[in-house]
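What follows is subunit A paired twice: with subunit B in the first complex and subunit C in the second.
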Partner chain A sequence: MSKTLHLTAFMRPVSLHTGAWRYPGAYADANFNFGHLKSFIQKLERAKFDAFFMADHLAVLNMPVEALKRSHTVTSFEPFTLLSALAAVTDKIGLAATASTTFDEPYHVARRFASLDHISGGRAAWNIVTTSNPDAARNFGLSEHVEHGERYQRAREFFDVVTGLWDSFADDAIIRDQESGIFFDPEKLHVLDHKGEEFSVRGPLNIARPVQGWPVIVQAGQSEPGKQLAAETAELVFAAPRDLATAKALYADIKGRMPAAGRNPAHLKILPAAMIVIGDSVDEAKAKRAHLDSLVHYDSAIASLSIALGHDASGFDPDAPLPDNIPDTNASKSGRAQVLRLAEQEKLTVRQLAQRYGGYAGLALIGTPKTIADEMETWLNEEASDGFTCVFPFLPQGLDDVTEKLVPELQRRGLFRKDYEGSTLREHLGLSRPANRFFPA
Partner chain B sequence: MSKTLHLTAFMRPVSLHTGAWRYPGAYADANFNFGHLKSFIQKLERAKFDAFFMADHLAVLNMPVEALKRSHTVTSFEPFTLLSALAAVTDKIGLAATASTTFDEPYHVARRFASLDHISGGRAAWNIVTTSNPDAARNFGLSEHVEHGERYQRAREFFDVVTGLWDSFADDAIIRDQESGIFFDPEKLHVLDHKGEEFSVRGPLNIARPVQGWPVIVQAGQSEPGKQLAAETAELVFAAPRDLATAKALYADIKGRMPAAGRNPAHLKILPAAMIVIGDSVDEAKAKRAHLDSLVHYDSAIASLSIALGHDASGFDPDAPLPDNIPDTNASKSGRAQVLRLAEQEKLTVRQLAQRYGGYAGLALIGTPKTIADEMETWLNEEASDGFTCVFPFLPQGLDDVTEKLVPELQRRGLFRKDYEGSTLREHLGLSRPANRFFPA
Partner chain C sequence: MDYGRIGSCCKIAHRCRSLVNFTVSPRAIEFLDVAKKLWASWDPRREGEVPPDRFWDASSARTIDHEGQFFHVRGPLNVPRSPQGHPVIAQAGASEGGIELAARHGEIIYCNILSRPAGQAFTKKVKGKAIEVGRDPFAIRIVPGLVAIIGETREEALRKHELFSGTGSEDGLLARFAKENGIDPATFDPDAVLEAERFVPDQNRQWAVGMGLGLSDLLTHEKLTARQAVRRSEGHHRLVLGTPEEVADQIIDLWQDGTVDGYTLQPPRAPDDIEEFVEKVVPILQDRGVYPREYEGRTIRDRYPFPTRIEQDWRDRTDRNERCPLQGSLPVSI
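What follows is the complex of A and B.
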């Protein structure tokens, strides 16, 4: 059988693009309107998407007030409450939520994802993030942000504790014999009793093993420790390489690390995030994006660039290239490396870079359903990706264009499913169900 | 207008009564079956209940394995994920979830409840608990449990931080002017910058002010600091006095503390938890309870008594009264006081006490719809309560008996609403919407 694409949606309620709330026809109130989110995910499910994934931050983004006041990102649903609610109005599509290993507790995280997996019938996925926003630390009692390397060390142990807690009960532990009165077999309950560098967690978890064994493990990280963590733990990666060559290198890099970590590279799907802008012609699609970018005020643009750099860029000369010697910070290293690469590749001025970052800076596929399907097919065949994490430029139209125009084209080519093959997210992604480490089959 | 009752449901998926999963017709799989929970809450909504409230624990309950294996409490949905999912399949009924002030972070708690309030259109309530289960501490990196007094001090500050975060945005802060590009008015955003004994939280919250201003504040505590915390902060109390006299005293005690805390006693509704067992005759109702209690194994019974006492009771003589000198622990003081009171009031042996605690130890209203409606009316008129927190002895039948037999009787007497008066939980409870402390109207 020839290879097929996996497609997930990566969203904010109004769009990841900061100008999107001003686009003609946009739902500017989507941050408060559960009905809009329900309509989005139900359309994606009808289009047979693998999963729906809501972006997250643990603070109002740190930008100057002149930019902040123009940003629809200041308010959003908390992803866990949102995804649980969406689980109740869908049947098949996967549900990916973010939980921070720096600012949350393994017991809480293990329990919530197990619960979402039971509620949804096996559709939960955990996006492991270490939280690069320095302002988040100040919302959790820390005056300084936790250092990058230590965040990843903690993330690795956090993962071990969470998966260990998910394995508290054997799959067949719960007997429920009303006659004898035995609810579960205590021989099939494991007390984790984890004592590590970062965490001391006794367990067991007070919820049965998730439907999927473990919810699907998701990661984004492109930094060195991020790639290593992905190779060791992730089953779905939505890293955002900027072009085919970078994507192929990243794909080979992450999958190449897996055997040394004792893993089969087929057990990780890499779905690069790509903003998809569709027109009846390539020129029309480009014009849509240009109009969208024009809706981003320069004050917001320069603030976004500052976040990406981890450094205030408002003092830079807008019409010169980026200065060379920007001081290091604890912010995301992969984010900064991407800015520097983009600036050099496209020879952009500070203003041009800022406009790109103020809108959406990542990979964009811009064209007709046919040209975009061609690109996706190339990426799949050249081992640059196993599919895509779709970013919609504006909502609802940008999503409708994908589900109504691009997906049918992919289906005609045999590149995408016409119906779900199974009922769990693992089944959609072709991932096996993890064995219980304490109760092997 | 004469006084009317408020009714909420306090539940575990299978019932709070530990023998309930074995009762004829019980849904023994309700801990895993979202469909059952959906049917329960939709029935309660059709009966016009004020709110649905899911019990919670942050550990597998600490009982000997011989008892544990008989307990349906070892697994349950996490309440937040469950209530969010239930929000999507209901329109009017309130949704109360527990969050621990000892083992969670104010920023997370403020954000999740605000999100649930937005998703549900103003139906969220926060049950503030300090978590008395010593095993919970060991799931969160602590080897010793946090001392009782310190837990309440932390709870009080936690409340101040959470409500301060909910007030981050003025109600009219979000402008969303697509033409000018201004999303919100930064003059109407408050940075909390809390620095206290227990917490340092900068803010602002990254979600707009909840629909209800603040989700409704709920508490159970009957200990001295619990009552004081309720008088200072709570809007709904589900304390479980064992009889009318105790209830009147508690009602007067908590409401009597409110003026000194600068609050109007009408702004707190006290709804004692009561297990309701309905029969066609009083004798039939009593027989149902006797059969239910008989389904609790003695090993579970003695373990439950040990939890209530905070002390292992398995060595006590089953046929003697409770020994006098049981050592003090950090477990819930109000729980232990209740055991001692019940033992003395009803002159119960250890075995009898254990059987009561192994099933459901709290207040029970047992009789016909008419006798129970009489009791409820008496409690309301004698200022022992503003309604009841209904505990169902077994499910689904125990719930159906309440919604199909008791509620119509209460409605005939004009004691309970025939339709919702408003759309938010505050409106159901007759509670005013709190002013924003930073942006007074």
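What follows is the complex of A and C.
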């Protein structure tokens, strides 16, 4: 069978674009309105999306308050509470949530995902993050953030403990024999008794083995240890490449590490995050994006541009092109080069450039359903990705455009499923169910 | 998200550490202090004043900068204030530490109350302590567990009790009682009056102290034989047995003089006993005007009309008319 795409939806916040909530017709309160979120997930399920993804942060976002006060990203639901509710109004679509290995406990995390997996009939996925926002530390009794390397070391052990806890009960441990009065077979219960560098966890988990064996393991780290952790543990990677070339390099890098970790590269799907803006013509799509960017307030926009340039841009003429000879600083060579390239390519003024950086500076696919489907097909065939994590520019319209215009085009080309074939997220992703490490079949 | 139907149950975890309850309590109390500060870290009065190009007013959320004995938390929460202000705080645990926590933070108090005098003593203790720490005692609702076993006749209910308990007969119930309380079967006289002191649990033990207290409190206030005592509780909670009318009478009995504010139903078997209670007992309670026919209000807080201002003089509002109708909490089993 030829390769097909996997699609997930990035839903916390519902749009990563900071101007999204001001777009004409957008639901300004979409992040925090259960009715809206319910309708979004049901539309995504009708379009046969693989999963709905709730990112998570353990503090209000660490941007300057002048920018934060204009951001709809400031408040969203706690992922498990929301996904448990959404599990009840959907049947097939996967439910992915972020949980932090730096600020949470393996036993708590194992329980929450095991519960969600049972409640949803095998649709849960755990996005392992080490939490980069330094403000989170201050909500958990620490005055300083835990150092990057140490966070990843802890994450690796955290993963071992959580998966070990999920394997506490054999798949056939719970017998519920009403005649004999025996509910489960104690021979089929494993006490983990983990004693490691970071954690001491006795176990067993007090929840039966998840429907999927283990909920699907997701990773989004981009650093060396992040990519290594992904190669060793992840089944799904949310990536953030800039373009086709960097995506191909990242894809080869992560998959290339897998054999050494004893894993088959086919058992990992890499889905870059991409904002998708659809128009009836490419020009119309570009105009929508330009309008969306224009809704980003200049004060917060210019701050973001200054960070990207490594140089204070607030004195520049907003309506002129970027001045020549911006001093080069050591700290931001690559960032600066990227800004200059973008300014040059799209002939943007300082204001437009700033609004791009203050709005959403990541990968974007902008065009008609046909041109975007062409691009997705190229990415798939050139081993740049196994699909995409869709970021919507504004909602509901930006989401409707994807589910009603782009998905049918992909289906027509045989690039995306017309119906779900299985009922668990593992089945949607073509991943096998992990064997129980203590009770091999 | 669920528009404020949530209650938050804080029980001191039974930790496998060398901690006794009274040393766990300060952490639990501070934990709730922090949670309440976080829930209050957004100022709802400022909502609606936000200019159209701003998503929120930054000054409406503030850091809490809590620096305590157990916790250091900066805040604010990244979730704004909920429809109820904060979830209703439910608390269970009747050890000294548990009562302290109930008095400081509890709103709905789960407990095991087996008789009127025991209930009045418990209520006085919790509400008295609440007054000491400056809280309005009307903001605290005592909702003990209740096991209802319903029959066509009282005899049928007795047989059901024996069946559901797994003991099979009255003798079986008595044998279980002797075993649970470490009484030598050879010297056990089921018709001798029991001595309360014999049943006082050790305050410092790590397992739930409050559960054992129910029986010793009952025996302190009433002279009972083992044969009578086994029909007064099931799973440490008050047992009410009989026809639907008799069960309703017993439910209303402890409520009408304010000994309890409501109950936490603990049906022996789900779903059958839940359905039976709903179909046979609830209509009687409704006919007698002590239980609502419709949900009043949207949030769980609306159903327990707690006072919102602590300064209000609670004494004026404890007269009969102001008391809230009987509350049927969701069935929970602990």
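The rule is simple: the second predicted complex is superposed on the first by the 386 of 441 C-alpha atoms of A that agree within 3 Å, B and C clash if a C-alpha of one lies under 4 Å from a C-alpha of the other, contacts with A are read in each partner's own complex, and residues count from 1 in each chain.
As a working rule, a residue touches a chain if its C-beta (ideal position, glycine included) is under 8 Å from a C-beta of that chain, and two chains touch if they have at least 3 such contacts.
On a predicted model such as this, the values are computed, not experimentally measured, just so you know.
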Simultaneous placement of subunit C and subunit B on subunit A, clash or fit: clash
First (subunit B), second (subunit C), both or neither touched by A:P13: neither
First (subunit B), second (subunit C), both or neither touched by A:P210: neither
Touched partner set for A:G398, first subunit B, second subunit C, both or neither: neither
Partner chain in contact with A:F77 - subunit B first, subunit C second, else both or neither: both
Subunit A: partner with more touched residues, subunit B or subunit C: B
Contacts of A:G310 with subunit B and subunit C, given as first, second, both or neither: neither
Which of subunit B and subunit C A:F32 touches, first, second, both or neither: both
Contacts of A:W21 with subunit B and subunit C, given as first, second, both or neither: both
Candidates 6-14, 24-32 or 78-86 of subunit B: the single one with C-alpha clashes against subunit C: 6-14
Overlapping contact positions on subunit A, where the subunit C interface meets the subunit B interface: 21-22, 28, 32, 34, 57-60, 65, 68-72, 74-78, 81-82, 85, 135, 138-141, 143, 297
Subunit A contact footprint on subunit B (complex, rising order): 21-22, 26, 28-29, 31-32, 34, 38, 57-60, 65, 68-78, 80-89, 103-105, 107-108, 111-112, 114-116, 118-119, 121, 135, 138-141, 143, 169, 174, 176, 178, 181-186, 189, 199-208, 295, 297
Complex contact set, residues of subunit A against subunit C: 21-22, 28, 32, 34, 57-61, 65, 68-72, 74-78, 81-82, 85, 135, 138-143, 297
Subunit C to subunit A touching residues, read off their complex: 1-2, 53-58, 61, 71-76, 78-80
